[in-house]
Amino acid sequence: MKDKQFWLVTGIIAFIFLLYWIMGHPYLYEDRIVMLITMFLMGSTLMYNVRYAQMGGEFYLRPIPGLKAVEEAVGRSTEMGRPILYVPGIQDMDQVETVAGVIVLGHVAKMTARYETSLNVPVSRSIVMKAAREACRESYMIEGRPDMFNEDMVHYLTDDQFAYAAGVNGIMVREKPAACMYMGKFYAESLILAETGNSIGAIQIAGTASQAQIPFFVTACDYTLIGEEFFAASAYLSKKPELIGGVRGQDMIKAAVIVTIIFSIIIMTLYDNTGIGFDVSKLLTIR
Amino acid sequence: MSKIQDTFLKIGSIDRRWIFLIIAAVVIVPLIFPVGLPIRPTDTTKNVYDSIEKLPAGSKVLLSVEYSPSTRPENHPMTISILRHLFKNNHKVFITCLWPDGQFMAQDAINQVAKQEFNKTYGVDYVFLGFRPGNEAVVKGIVSNLRKLYTVDVYQKKIDEIPLMNGINNFKDFDFLFSSSAGFPGTIEWVQYASDPTGIPMASGVTSIQVNEVMPYVQAGQMVGVLAGMPGAAEYEALINQKGSATSGMDAQSVAHLVIVLFIILGNVSFFIERNRSKKY
Amino acid sequence: MIWKRQIPILIVTIVGWITLLGWFIDQPDIQEFVNDDATQWFDILASFAIILGALNLIKLQVQKILYQKPGWIYSVVAVMGFLFAITAGFFVKGVDDSVAQWGAHVTTDGTLFKWMFDYMFSPMSATMFSLLAFFVASASYRAFRIRNFEATLLLVSGIIIMVGRVPIGSVISSWFVMYLIVLSAGIYINVWKKDMNTTFVFVAVGISIVTIAGFMYGWPIDKPGIFYLPAIQEWIYYYPNVAGARSIMIGIGLGIFATSIRYILGIERSYIGE
Amino acid sequence: MEFSTILGAWVAVFLTLGIFSYLYKDNPFYKFAEHLFVGVSAGYWTAIFFWTQIQPNLFGRLFPAKVYGPDSDTPFIYNLLSFISSSVFPEGGIDKGHDQHFIYLIPLALGMMMLLSLIPSINWFARWGIAYTVGMAAGLRAYGYLNSNVIGQVKGTAVNIFNSSLPFFSLSEPSIFNNMIIIVGTICGLLYFYFSKEHTGILGKASKVGIYFLMISFGASFGFAVMGRISLLIGRFNDLIKFSSTEYYHATIWVLIAVIAILGYASYLEKENKSQIADTDQGSVQEEE
């Protein structure tokens, strides 16, 4: 309740809409009023949480086991004295997943700087290369090991999907990394990468939201960050208020969705069995 | 016992090119020497068939073709079977494409079914509107004002001069939608921007990869049914009683699946042997 | 700076608001703009974006040739392919105006463009995808491991779908599946109890029960339904699968909604590379 | 059969087998086919989008034939463009049934800016056009996804659980048990993706159940993915079988023999070289998988 500005603006918008409604609401699709209200509620929930995070508010976010697995993998690579391979997907920075992949890369780079393990990041887009280099450089600086950073740890292979997969496979077979991480947007090459990683006996950790590729990662990798988990992990690591606030806002909406489901089931059951005069399915049908 | 285990481990580290060869063989052999396994339609396929069967004769059906040659083996047999079913029941067919290559696929299907098999008249029994780029915006355009989006058909003929287009102004003027889809844009966009906002019933034929993304829509009743991949197409061919390329591929499909399942099992057996051994030492 | 940052953000905000509110405002002028012109512009710009992408790709290949980077000779092939496609698309139609005018030539049979599509573009794109069938097979052999309970669940449900969906699934008797279950339960008990005798007794009893039941009911291929692969497959596909897929779908829906709202409000600016 | 068809079949077979040869190993046939594919598809998309959208719907609205009929002349700029390319700008305006709308100069300008962004120093030019598509897509999707993926699914899940007309248990027909599966699975799946609370106690158990449902669902996608890949392979082999017939002069068989012979000979030569190198420098020669 502390964010006065937020409540003021929300209140004003609600009030104006109320006035408009009372005045006879010209030019409004009345059938879609439920949708309009839903959107308003959801949008303001999101905004509230983003603003809360921006003003320095702290949320609890549950630990994500996959991130812990990353730490173990880095530890094991150090013990074995072998490098770590990090693949940030095959798409450009306009994909949210690539952005998330680069954020997680920053986190991994911090650990490799701490443990003095070598890191190898082949990329398939030149813009991703720039972003990934920046992320690594920053991490090594923060850890106080700029001497360990060299630009070539992030290197461009090729834009083409299968050629890129073949190139990464070559690196895996030659360098035998102890851990392979695949975090970003993947298509069919997911399978080729995970299979080769498996055959060299590396610990494999994957993170992606590409629904069709998740099964291949789950069966071939030791740990997989699934969809939203991946985004939440990156939001958590990036410490950007709009991302963290977004995670929390979406959680609240999710809770509301669950409550709505349960509530609708109860009403539906009553409606069908006892003839209570309210059909919730009509309310939820928006044309 | 350990000898058997050794053999398993040996097979486990086989060069993968042998596996490639096996897969090639198990696909080619049944294609050349078919067995003709019986085909059993699943419920979701039957629902599509029933809902088209229930349409009164002369219904206006929008058929959207959104796949490219890369998924042709899965989608094309569906398009063909649906067209056959629609023409057999004397429905009017309107064909649009959300994918540029969809035009070629649709043209092939029209040549085969409308022209050769049923001898239907263009502009009276069917219209080929063609492709417009813009993804979901095209769907939205068809829903709001089809005539603004399509001023000419695919042959550059003016829409106003086509008799069948009389009285067709937007999506609500159709009775049914079938989308033969291989990804984005496709079935999901049709559900979101066309079928859900207007309530016009729709069904779809999708590639196997996509099935899981559209199943919740089917279960929730937002779509009447779905044809799932090449087996779905084969089931539809069985239902309309006209065998096509999907049916002939089913033997190869069956054998290949069995072999892959076998691979998974064998692979895991050697995985367990290996794990047990490394535990012992 | 204002041209590079503020104006794009302003465009996103304004266009976003107009399209979003266009869903709710029932006013002919706004409806016409949102539904017709705005979408047409979107379509046109989307086409420019696609062309831009194609040209970018060729630019990269040309650079490779100019600097004679490794493999540049293949880039020559790429550029030749591009020039060929452009020729077929814009300069050589291959048929008379009476068969197809410019514009219709991209879909008409007999044109050079259609030939290129039929015999170059489609076989290559289809083959690229079908390569994956081989990779799936080799990965199924070498990488798909039941390393934990989740992976086991995934593989079992995958296998049931794979076998149950195709015709061969319907000729596998439910009794065969029951025998298989008894045997795998036997293996599990052996691992768990580590006692050959227990395993043997369990498997023997299991097999006899199934066999006796089989003789009693006359071995119908699809009964009992819960052991008949096409029936189990259908159940998994229609219920547990949908439940899982639906929770993902709701999550995706909320995620896209949240991102879109962030775009429209100008909080998220990753599209201009920030 | 026409010569162009037969030639086409040979080209198609060569390119198909060229790509398949990657399964043996990365080789010049594959690299050739792959690069040709990149080039051809770039040209293909350019032509398709130009002729289906930009020419008819953009130029067709700026210079419609409706306005420049027989009685009025086309403007100078149009004549100039027509002189450059009469196929894009035919005489008498573009006849695609549009009226004249000069407001379409805006998308033309944005589009030209996008293309100009190929020049590195002004690569930000593309941002305006991209901003338009991003904004529009955001407005469309916010509504579409919320309606179909959220509200529609809530509605699909909200059923009468004690429906007396349904049996308690039935495998493939709707039943109370199956409805419960959907409800429990959906809610638990959503709870798995709930991040702002620790997953212990009831929430922990529910999210565990949720992940099981997710895994079953991924298993189904896995099965379907395999199914799809195999179907595509069947399609390719069908084409190859078709092209191996006498009508096409056994294209498949001849090309296959040629490719195998050349690759075999090359690998034979390589082996000889390799054994020589291996004598001097062991271990440096490593095959890529």
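Side notes on the structure shown:
Chains: A, B, C and D, in written order; residue numbering restarts at 1 for each.
Methods note: a residue touches a chain if its C-beta (ideal position, glycine included) is under 8 Å from a C-beta of that chain, and two chains touch if they have at least 3 such contacts.
All values reported here derive from a predicted model rather than from experimental measurement.
The minimum number of touch steps separating chain A from chain D is 1. Look at the CA centroids: the one farthest from the centroid of chain D belongs to A.
Innermost chain of the displayed assembly, by C-alpha centre distance to the whole-protein C-alpha centre, is C. With A-C and C-D as the two chain pairs, more C-beta contacts join C-D. Taking each chain's centre as the average of its CA atoms, chain A and chain C sit 20 Å apart.
Computed from the mean C-alpha positions, the centre of chain C lies at a distance of 9 Å from the centre of chain D. Separating the CA-averaged centres of chain B and chain C is a span of 13 Å. For the pair chain A and chain B, the distance between C-alpha centroids works out to 31 Å. The residues of chain D that reach two or more other chains are 22-23, 34, 38, 45, 48-49, 52-53, 56-57, 136-137, 140-143, 145-150, 152-157, 172, 182-183, 186-187, 190, 193, 214-215, 217-222, 224-227, 230, 232-233, 235-236, 289, listed in rising order. Chain B has residues 16, 20, 23, 27, 43, 70-73, 130, 132-134, 137, 140, 156, 196-197, 209, 212-213, 216, 219-220, 228-229, 231, 253, 256-257, 260 in contact with two or more other chains.
Counting only residues that touch two or more partner chains, chain A has 35, 42, 162, 199, 211-212, 215-216, 218-219, 227-228, 254, 257, 286.
Listing the residues of chain D that touch chain C in their complex gives 4, 7-9, 11-13, 15-16, 19-20, 22-23, 31-58, 87-88, 90, 101, 103-104, 106-108, 110-111, 114-115, 117-118, 124, 126-143, 145-146, 148-150, 153-154, 156-157, 171-172, 178, 181-190, 192-193, 210-220, 222-227, 229-230, 232-233, 235-236, 239. Across the interface of their complex, chain B is touched by residues 31, 35-36, 39-40, 42-43, 46-47, 50, 101, 103-104, 106-107, 109, 114, 117-118, 121-123, 125-126, 128-129, 133-134, 136-138, 140-146, 155, 159, 162-163, 165-171, 230, 234, 237-238, 241-242, 245-246, 249 of chain C.
Here chain B touches chain D in the complex through residues 16-17, 20, 23, 27-28, 31-32, 43, 70-74, 100, 130-134, 136-137, 140, 151-152, 156, 158-160, 188-189, 191-193, 196-197, 207-209, 211-212, 216-217, 219-222, 228-231, 245, 249, 252-253, 256-257, 260, going by the rule given at the top.
Remark: chain C residues 23-27, 30, 57, 60, 128-129, 131-132, 135-136, 138-139, 142-145, 147, 150-151, 154-155, 158, 248, 250-252, 254-255, 257-259, 261-262, 265, 267-268, 270-271, 273 touch chain A in the complex.
Listing the residues of chain D that touch chain A in their complex gives 22, 26, 34, 38, 142-143, 146-147, 150-152, 154-155, 157-164, 183, 186-187, 190-191, 193-199, 214-215, 218-219, 221-222, 225, 286-289.
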